[in-house]
Amino acid sequence: MASPFSLDNPVFSKFAFYSTVVLSKTLCMSELTTLNRMRKQAFANEEDVQCFAKSKHAEVTTSDASVERVRRCHLNDLENVLPFVLVGLMYVSTKPGVVEASRVFQIFAASRLLHTAAYLLPLPQPSRALTFFTGYGVTFFMAYKVLKAVY
Amino acid sequence: MASPFSLDNPVFSKFAFYSTVVLSKTLCMSELTTLNRMRKQAFANEEDVQCFAKSKHAEVTTSDASVERVRRCHLNDLENVLPFVLVGLMYVSTKPGVVEASRVFQIFAASRLLHTAAYLLPLPQPSRALTFFTGYGVTFFMAYKVLKAVY
Amino acid sequence: MASPFSLDNPVFSKFAFYSTVVLSKTLCMSELTTLNRMRKQAFANEEDVQCFAKSKHAEVTTSDASVERVRRCHLNDLENVLPFVLVGLMYVSTKPGVVEASRVFQIFAASRLLHTAAYLLPLPQPSRALTFFTGYGVTFFMAYKVLKAVY
């Protein structure tokens, strides 16, 4: 029987696309942290201050509000996007229908892009909570499908 | 030759089950953090205070003891559960025996469930350390098997 | 058509090797944190102090400079190594040439080993920044290849 893990399988192909989009978005948070550290001159290491600080009086700091906000958003991505991709791989192995699977991946990707917007602008709550729980629910839906298929 | 990454392979099927269990447990830590933030009224963002705080005098805080304990437990999951699933995928590709593989996955899953209990109750040390090193050892065992198979 | 996810595929075999190397290195950061906590007597939990502290006057602390440096390095690994392995899985599914793929995996693995050295010694900047952006660029290169293949 053919393996579901091949780009010939439209479900895996959709999964590869949306996973790569949300993983790339997650990676971009690193660069956003760096840009904020430069702009706010808020460096976490002594050697960074020595090389990148514009003023000789700059000091190590780990409490700049804009930097910490980006870092919280980044950590939230690690907590949610990485499990989504891993549970998603197992979900693909259950050979779901391509329509259901596409919707699941699209809703997750959209919810995480909106979550980032809600966190960084920031938008008033409960907008961030709603985007968070949408993605969270999608991952648990896939987990349920996996457990049902293998148990 | 058949791909090992299919639910027709009992090793992959066991792997999918136990991976989904430990990933779901990891995801639950987010919800536990939220519940603790609500209960202790310890919010990390200004917009969360404005929407969810019961008192007008609530302030942003990132140092509540119960919230930080759940967050340390969650981060420990990210550091250990995610590498387990990824190294486990490579381990499945080495086509291990189903008895060995099942034991490996079961011991890991049990050690992480006990680790969470030991962290959150909390139990006296070295109980948490023992559960941590059990799961840690399992992942390195799989990593050794992969390196031996491909080198 | 044969699945690319098999050790019979030399691209997957290389990927399994280098992924397991960088994941094992990431796991080692946990142990390094523990060793530093013991050496500096800087424990994050009350129950750790009670069991492992040599002095009765030891207190919980989350601000020891050497421990926090190892932890920042570890978090940077989670932010970069885990997405590399996940994007790498999708990249393997695009059936890249074995020469290109080997170079990509080798450059990533080397950049992360050098990044850890640059962070922990520490080396003067911009050495750490260069190693970081090398690995970062490699992951985005793979992400571009995946999106091009499936779109």
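Lettered A, B and C in written order, each chain numbered from 1.
Everything below uses one rule, namely that a residue touches a chain if its C-beta (ideal position, glycine included) is under 8 Å from a C-beta of that chain, and two chains touch if they have at least 3 such contacts.
Since the model is a prediction, treat every value here as computed from it, not as a measurement.
Interface note: chain A and chain B, two copies of one sequence, contact each other through mostly non-matching residue numbers (shared numbers fall below half of all numbers used). Rotation angle for the C-alpha superposition of chain B on chain C: 120 degrees, rounded in steps of 5. The centroid of the Cα atoms in chain A and the matching centroid in chain B are 17 Å apart.
Taken residue by residue, chain C touches two or more other chains at 3, 5, 78, 82, 86, 89, whereas all remaining positions touch fewer. Only residues 2-3, 5-8, 12-14, 16-17, 19-21, 23-24, 26-27, 29-31, 44-48, 50-52, 74, 78, 82, 85-86, 89 of chain A touch chain C when the two sit together in their complex. Partner chain A is touched in their complex by these residues of chain C: 1, 3-5, 69, 72, 78-80, 82-83, 86-87, 89-90, 93-94, 122-126, 128, 132, 136, 139-140, 143, 146-147, 149-151.
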